[in-house]
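Have a look at the structure below, then the notes.
Chain IDs A, B, C, D and E follow the sequence of writing; residue 1 opens each chain.
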Amino acid sequence: MKPLALISRITQLVPVLLGVSVIVFVMMALTPGDPVEIMLADQQATPEQVQAMRHDMGLDRPALERFGIFLSNALTGDFGLSFFHRRPVFDVIAERLPATIELTLAALLLALAISIPLGVVAAVKKNGVVDRLAAIGSLFGTSLPGFWFGIILIILFAVQFKLLPVSGRLDFGCEVPPVTHLMTVDSLLRGRPSCFADALSHLILPALTLSLPMAAVLTRVQRSAMLEVLRSDYIVFAEAKGISRRRILWRHALKNALVPTVTVAAIETGSLLGGNMVVETVFGWPGLGRLVVESIFVRNYPLVQAAVLLYAVTYVLLNFFADVLYTTLNPRVRL
Amino acid sequence: SELRVGFTLDAMTLDPANHRKRETETIIRNIYDGLLTRDAKMKVVPELAESWTQVDPQTYDFKVRQGVTFHDGTPMTADDIVFTFERLTKDDAMGGQTSPRKDLVGPIKEIKKIDDRTVRFSLSEPWPILPAMLPVQEVVSKAFTEKVGSQGLATQTNGTGPFKLVEWRKGDSIILQRYDAYYGGATEIPPVGKACVDRVIFRVIPENASRVAALLAGEVDIINELPPYDMKKVETNSNTKVMKVNGTRTFFVALNNTKKPFDDPRVRQAANMAINKALIIDKVLLGTAVPLNGVMSPDAFGYNPDLPAYPFDADKAKKLLAEAGYPNGVDATIDTEGAFKEITEAVASMLTKAGIRTKVNVGEGSTLRAKWAPKSDKSGDMYFTSWGNGSLDPADIFVPTLRTGDRGNSAYYSNKEVDVLLDAANVEVDQAKRADLYKRAQAIVNKDAPWIFLWLPQDLYGVSKRVSGWEPSADSRINLHDACVK
Amino acid sequence: MSAPLLSVRSLKTCFPTRAGLVTAVDGVDLDVYPGECLGIVGESGSGKSVTFASVIGLVRSPGYVAEGSIRFGGVDLRRLDSNGWRRLRGRDIAMTMQDALTALNPALTVAEQIEEVLLAHAEDLPKRGRQAAVRERAIEMLRLVGIPAPAKRIDDYPHQFSGGMRQRIMIAIALSCRPKLLIADEPTTALDVTIQAQVLDLISDLRRELGMSVVLITHDLGVVAEHTDRVAVMYAGQVVEAGPTRELIDRPKHPYTRGLIGLIPRLSDLDAPIRPIEGQVPELIGLGGICRFYDRCEFRASKCRTDISMIDVGPDHRARCIRVEEILQ
Amino acid sequence: MTAAVEASVVTPERIETPAWQSLRRFAADRFSMAAGIVVLIFVLMAILAPWFAPQDPYETDLLRRLQPPAWMEGGEWSYVLGCDALGRDILSRIIYGTRISITIGLAVVLIATVIGTVLGLAAGYLRGWVDIAISRVIDILLGFPYLIFAIALMAMMGPGLQNIILALVYKEWVVPARVVRGEVLAAREMEYVEAARAVGAPRLHIMFREILPNILSSVIVVSTIRMAHVIILEASLSFLGIGVQPPTASWGSMVADGRAFILDAWWVSTFPGIAILALVLSINVASQGLRDAFDPKFSD
Amino acid sequence: MSVAQPHPLLEIRNLEKVYQLNSGLLQRIARQPPLSLRAVDKVTFSVKAGETLGLIGESGCGKSTLARTVLRLHEPTGGSITFDGTDITKLPQKDMTALRRRMQIIFQDPYASLNPRKSVEDIVGLPLALHGLAHRREIRDRVVAMLESVGLKTAHLGRFPHQFSGGQRQRIGIARALILNPSFVVCDEPVSALDVSVQAQIIALLESLKRELGLTYLFISHDIGVIGHVSDRIAVMYLGDIVEIGPARELLREPKHPYTKALLSAVPQIDAGAKRERVKLTGDLPSPLAPPPGCKFHTRCPFAVDRCRRQVPALRNVGSDRTAACHLVDAA
C-alpha cells in the first residue's frame, strides 16, 4: 500500500509542478522589468555591455525557448545560475533553506505544543476558565497581523527587557560544524549547550510570531475535534469499561481527535512556508522567503522559478506526510 | 575586540569582479584592497599602487606596492594585478562569463606588466575618470583564482585587505577577522597598520525598525541607513550617536518632457516653484539633506555652485501655468516606489496646491524603471526617483540621466547643447576645462528644468559610542580598517 | 425469590435543552435478580438507554439523574465517587452499546481494547508476566465469543471485522472480567437476522455459563419472547407494564402493550390485519397530570387525566393503567 | 384509515425556515450578537465616513507631522488620535480606511465565494475529469506560496483596488471551492438527491436547487471567517508595499507606514492596528456565532 | 388484494450491476487488478401488473442496488429491463425522464430522502413542476389533495421536514412518489427506519393506496414479517443473487432453499408455538468483493456438499410458480 501511495503522490506532483512552472514562467514573462537594468542601476554601461549581460543570462532568447531550456534543465536538477549571485540557483537556495526549515519546524512544534494540550483541556473543561482563555487567545491569534506583532515583540523583549536578541540566527562565538544545518539541532549534536541556548534565544521570537496564528487555528480545531470525539460512543464505552480517565483522554480520545489537527497542520504549514517572508524580514532571519521576495523584486527569474517549484514539492510532500500520519492515527483510512 | 555592523543587505557574492551591487562592494572592500582608494573626503589616493602617473590621455602607469601579501601568505605581484584587470575586461574571462563590471573600468585596450614594479593600462580612447573608478575594483590572487576557479571565488576569498573571511552565514552575517600581516593600507590615510579590531561582523538586518532596535539593544555597533526619524532616538540613547555624511544620491522628480503638460518648460518651472523644499527637508528629512538646483552633489567634481534656485512660490507657479495655457491647472500622476511613498505624497500635495493636481501612483521599483526607460512608450507624467553617484563624477550621473536617450534619462530630456558639452567633457583630459564644461551644462539644465530638482540626502549612521576612529564616507562605503572599539 | 441484584426506584433523569427540560426517564422502578434475563422493550426514545446509562453512571452531560435510588448488590450507586465508579464498571457491571460499529475505538487495536479492561480490573492475574497473561485471557475471550483464529486477529483494528464480529468483540470486552450484570443495549439492532440469532444465542449461552444477570434492551418483542425471563415495557420515559415474559405477551394489560403486540406481523398468521396505533409518542417536556398514552389510547376516559401509577394486575405483573379492569371486559 | 395525524411536534402558528431558526439562535447568543453589532457599526462608518470623520483624511500639513494624540503633550482634541507623518488626522483616516478594508473584504469574499461555490459544486457533483481538473488547479494554487503569487501578480498588474481584489480572489476562491466540494461529495450521496433524480430533475436543478441550499450555511460561515483573513491579508500586502494607492487610507498601509516611527510615534501604526484587530476580532466572533447557530452539532 | 394479471409490467433479464472500485489511472499504472464489486449478479424476475413482489435479503446483498438499477438511477452494466413492453435499458435520459412519471421510488430513510431546506409544498410539488404538468395554483391544489390522501393536512404545506416526525416524513416521501400517478413503485425499505408503531401505520397506508390506485410494488425489506404481510410473491436475495422466488404464503410456509430456511428460522417469534426448528448458520457474510466460488451460500450452508463448492446452481422450477437456485432441492 505504502509504495503505491508514494507513487500516487508523485504522479500527482507532475501536473502540479508543471502547472506551477507554467504559471511562474508566464507571470515572470509578463511582468515588466529587466534584470540587467536592475543590476546596472545607477551605473554607467555601454549598450555592448548590456547586450553581453543579457546574453550571459540567456535573456536574448525568445520566451518559449527559455521555458523549454528551463524545463529540460530542471529535469536534470539544473536550475541555472542566479542572475545576481552569479552562482548556481541550487546552491543559493540550499544555503538559505535550512534556516527556513528550522524556523518553520520550530513554529510548527511550538504551535502543536501550545494547541494540542490547550485544545484538549479546553474541550474537557468546556466553558471553564481555560476554555474561555483559549477562546480569547485564539481569537487574538487569528486577528493579529503578524508583521505588527513581530515588531511589538522586538520592542518588548529585545529593546525594553533585553532578554532576547533582535535578529539573526546564531551568535558569533558559536561556530558549529554543520550536520543538519539546523542550528539548534547541530549545536546539541556537537555537544555545545551554550550554542544551543544561543540558537534557541534567536529562534524564540520569530518562531512565536509565526506560530501564533497557526496555534490559534489549531487550538480551535483540536478543541472541536476533541469535543466531537468525547461525544462519541466509543468514549462512553471506554468509560463503561472502568479504565482511568487519563487513559481515556490521552489514548482513546486524543488519538482520534488528532486526525483533523494533523490535516489542518499540514495545510497551515504549507502556507507557513510560503508566508514566512514577512517574519523573516522583520527578524532578519536568513531564510528562503526573504530571498525569494528580494528575487522577485529584482527579477531574478531562475531563483524564483526554482524556489516556487521547491515550495510546490514541499506542499505535496507535506500532505503526503500528513496522510501517512493520518493512517497511523486512524487505521480506517488507507492510502 | 569585536565590531558589529548592522547592514541592510547581504553580499551577493564575494567575488570582486562578479557583481554590480554597492552593498556587496562595501563588504568585499574590507577583505580586498584595490589599486587606489578614497579617503573620507572622497579624494582618490593610492592603495595597492604606490603611485600612478598619466603618461598620456590614453595611458596610465601604476607603481606596484612591495611587500603586500594575500591572506594565504603569498606575495602580491604585478602579475596578480594584470590578471585581475584582464579578468574584469576580457570577454568570457570568468569561467565563460563576462564580468558585469567590465564597463566600470572604461575602454581598456590592454594591461601590461612593464616590470615587476610597474603595470601599464592602455585605453582605446581618453577616459579621464579612470582613477576615480579604480577604487571600486579589487585585486585578486591569480594563483588562488586559478586554484578555486571563478565559481569558487564567489564564496572563498584571498584578498589583501585588512580583514580575512572567517565564515559567511548566507543571509545572516559575514564574519571577518583581522589579517595580522596586513601591509597597512593607503599611506595617505592614517593610521597605517593592521586593523584595530580583532573581528568584524556584518549582520544583515533588512528591516529598518529591527536594525535600529539592534543598535539600541547593543547588538550591533554601527548601522547604515538610519531613518531620519530615528535620529532622535539614537541621539537620546546614552550609548549611541548619529553620524552623518553628505550622500551621493540625487533625488528628483523626472517630468515627461515629451508629453503634455510637461513638454512646456514653463509648466516644469512652475512645478519647481510649487515645492517647498525647505519645509520638507526640515520636517520630513529633519534637516538631513541639502537642497539641489541641479543634478550634482556639492561635493562632486565640477559642481556649479551658482545655479539659481527656484523659489517656493505657489502663486507664481499658477501664473506660469496660466501662461502655458492651463489657467485651470492640470491633472497629473506621479509615480513612485513604496519606499518613497510618504515623501512623494508630501510633494504631490504641494503640487496640488499650486494647480498641478497630482495623484500618487505607488509602483514596484523594477516595473516603474521599465515604464520610465528611455525606450518605453513614454506614457508617464512624473516620476519620483533618484540616481546615485558613488564616484562623485558627473560622468556617472549627469551623462546617464540627462544626455539624449541615455540609460537613465527618464525625463526623456533632449538638448543638443547639453549633449555636445557632455560628450566633450567625457574625453577632456584637462580637469579644469572638463569641470567648466560640466558647469555650463548644469546651467542649461537648471534653466530647462527637465526635473523638479529636489535634494541630496545625507547618509545617516547610527553608531555606538564604543566605536572610535571610524568615519562615514560619502560613497556609502563602510571602511573598518581604522575603526576601534572600547 | 432472592434479593434483587440491581434495584432501581423512582429514577428520574433529565436533560436541559434549548426547548426545555427533557425528562427522559420519569419514575422508573426496576429489579434485576441474580441469574435472570430482564428484557426492556419500548419505542425509540422511550428512555431505555437513558435508564441504564443512569444505572452505570454514564448519563451524557448536560443530563443528570434528578431523583431516585439505584442499589447494586447493597451498594447505593448514587453515592459512588469517580474511583468507586471506575472499580465498579467493567468489573461488576458491564455494558454493550447499541451500535457496535461506533462503540469500538477505531484507532486502537482490538487487543488493546480488551487488554486495558483486564489490566484495570483483573486482580487475580500474576504481577510478573502480567502482560502475557492478559493477552492470553483476551485471546481466550475472543475465542469464547466465536471469533475464528483469535490469536491472529487480535491485533487487527475494529474496521477489519464485520458488524456481527464487532458486536461479539464488544461482548467479549464486556464479559472479560466476568461481571455480575451485563447490560446489553440493543445488541442486535444493527445486525442481520441470521447474525442477530447467533449473537443472541451467544449471550444466552454465556449467561448460563457465567451465571450472570442480563438486561436485554430491544424494541423487538420477538427477541424478548425468545430470550428473556421477565420484561418491562417502556413508554415515554416510564415503565408502563412489567411482568414475566410469557404472561405479559399472552395477557397484556396495558393498552399500549396490547397495541404493540397487535401490530407485529406474524408469520404464523399472514392474513391477520395490522392494526396500527395512530398518533405519535409525546415529547418528553412538561408531561404530567395526564396518562402519557392518553392521546393514542382507544380506551381513554376523563379519569385518565391524572398521573397514573403502577398497579398489580396479576402475579408479579404490574401495569400503569387505571382502566385495566374495564378494558379487559 | 387516513385519519388526521396530530402534529404535536410543532405549534401550528409559528412556521420557520431552518435558516430563520438559525438566525434566531444567533440573535439569542448575546456575545456574537454584540460582535455582529460592532461589525455593523464598522459598516455604517464605512458608508457614512464623511459624516463621521472630524477632518479631511487627505489634508496634509507638515507642521502637524506626527502630532501625538489629544491626551498627550502637544496633542489637540480636534485631532484625537494624533496625526501621521504628513500631518493627516489618524482618526479620520481610520474611518475612511474602514471603506477599503470592508470593500476589499466583502468584494473578495463575495466574488471568491461565488466562483468557488460554482466550481466546487461542479467538481463535487459532476466528478470525472471536471473534478480532476478543478482539483489539480486547486492543488497548483495551494502549492504556490501565496505572497509570492500576490507580489508577482501586483508587480505584473500594478497596485490598485481592483488589482488587489483580483490578486486576493485568485487564491481565495480555493477555500470555498474545497469546502463546497467536500460538502457536495457528502450531499450527493444523500437520498434526497437520488429522489430528485428519480422524479426526473436535471443536473443543474439538482446542483443549484437541491444541493446548494443545503451547503449554503457552511459556505456563509466559511466566507465570514475568510473575510477576517482577507482583511489581514490586504494589510500584509500593504505592508509589503503592494497595497492600495495613496492617498487612500488603508489600515494595512497605515500600520506599515507607521512602523518607521513605532519606537516613539507609536500612535501612527498602533491605532490602525487596533482597528484591524477590532474589526477582524468581531467578524471572527460573529462568524463563530453564526457557525454555532447553523451547526446543530454545536447546539448544546 | 388485487388479482395478478397475466402480462408482466416489469421484466428483468440477467440484470447486472458491477461497481468498479479502484479503477483510477494510477491503479492501472500500478497494474493493480481492478476491484469490481458485483452488487447485482445476473438477476432475472418479473413483476406483474397489480401485484406486490417482496424482496428480502440481508444487509449488503444488493437489494437497494437492484431497486436503483431497475429505475436506472444507477446504470446497469448488463442485462435488460423491460417496462410495460418497452426496453428501457438503453433509453436516452430524455425519454427516461418522461417514463419516470410512471415508475417511482420510496426511500428507506425518511430523514435523508427529504431535502431539509425545502418546504413540503416544494418537495411534493417538484415532480409536477419539473414535468410541466401543472401551473402554480394547480400544483398547490394537487399537492394538497395528495397530502390529504397520505394523511397530512393543508396546514403542513409550508413546513420543513425537520418539523415532522419520522412517520410523517415518510408520508411526505410517499406523496412525492405518488403525485405523478405512477403505475409502478419501488419501496426500498420504506419502514425499516421507523418505530414499530409507526411502521404499522405506514404499511397500512401503502396497502390502502395500492388498493385505491391500483399500484404495482416492488417492496424491499429485510423484515420478513413485513414482507410476508404485504407481498403476493417473495424473492430472496443472497450476495447479489436471487436464490428463491415464489408465492408469499407457500414460500414462507415451506421454504426450499437452505438460506431461506435459515432466514425464516432465525426470525424471533413472539408466539411460543410458532417456533420452527432452527437452521443454524455459522460464520459471517462473505465479502461481496470476493464471493465464494460455486454456490455463493456454501460457506455458511449446513447442508453443503462438494458440488456446491464447484458448480453455480441455476434458478430452477421447484413447484408451481416457484423457483430456487440450489443443487439440493428437487426439481418439480
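Please note the rule applied: a residue touches a chain if its C-beta (ideal position, glycine included) is under 8 Å from a C-beta of that chain, and two chains touch if they have at least 3 such contacts.
This structure is a prediction, so every number in the text was calculated from the model and none was measured.
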| item | value |
| --- | --- |
| Dominant interface by contact count, named by its two chains | A-B |
| Most distant chain from chain E, judged by the mean position of its C-alpha atoms | B |
| Averaged-CA centre spacing for the pair chain D and chain A, given as whole angstrom | 25 |
| Whole-Å separation of chain centres (CA-atom averages), chain A against chain B | 37 |
| Distance between the centres, which are taken as Cα means, of chain C and chain B, whole angstrom | 89 |
| Chain A-chain E separation of Cα centroids, rounded to whole Å | 54 |
| Numbers and ranges of chain C residues touching at least 2 other chains | 278, 280 |
| Contacts with 2+ other chains: residues of chain B | 209, 213, 216, 364, 366-367 |
| Residues of chain D touching at least two other chains | 3, 5, 9, 155, 259, 262-263 |
| Interfacial residue positions of chain A with respect to chain C in the complex | 231-234, 236-245, 247, 251-252, 255-256, 329-332 |
| Residues on chain B engaged by chain D in the complex (per definition of touch) | 208-209, 212-213, 216, 227, 229-230, 232-233, 279-280, 283-284, 337-339, 341-342, 344-346, 348-349, 359-364, 366-367 |
| Residue ranges of chain C touching chain A (in the complex, touch as defined) | 53, 56, 58, 60, 82, 85-91, 94-95, 97-99, 102-108, 116-117, 120-121, 157, 159, 170, 173-174 |
| Of all residues in chain D, those that touch chain A in their complex | 136-137, 139-140, 142-148, 151-153, 155-156, 228-229, 232, 235-236, 239-240, 252, 255-256, 259, 262-263, 269, 273, 276-277, 280-281, 284-285, 297 |
| Touch list for chain D against partner chain E, complex | 1-5, 7, 9-10, 12, 15-19, 190-192, 194-201, 205, 210, 213-214, 216 |
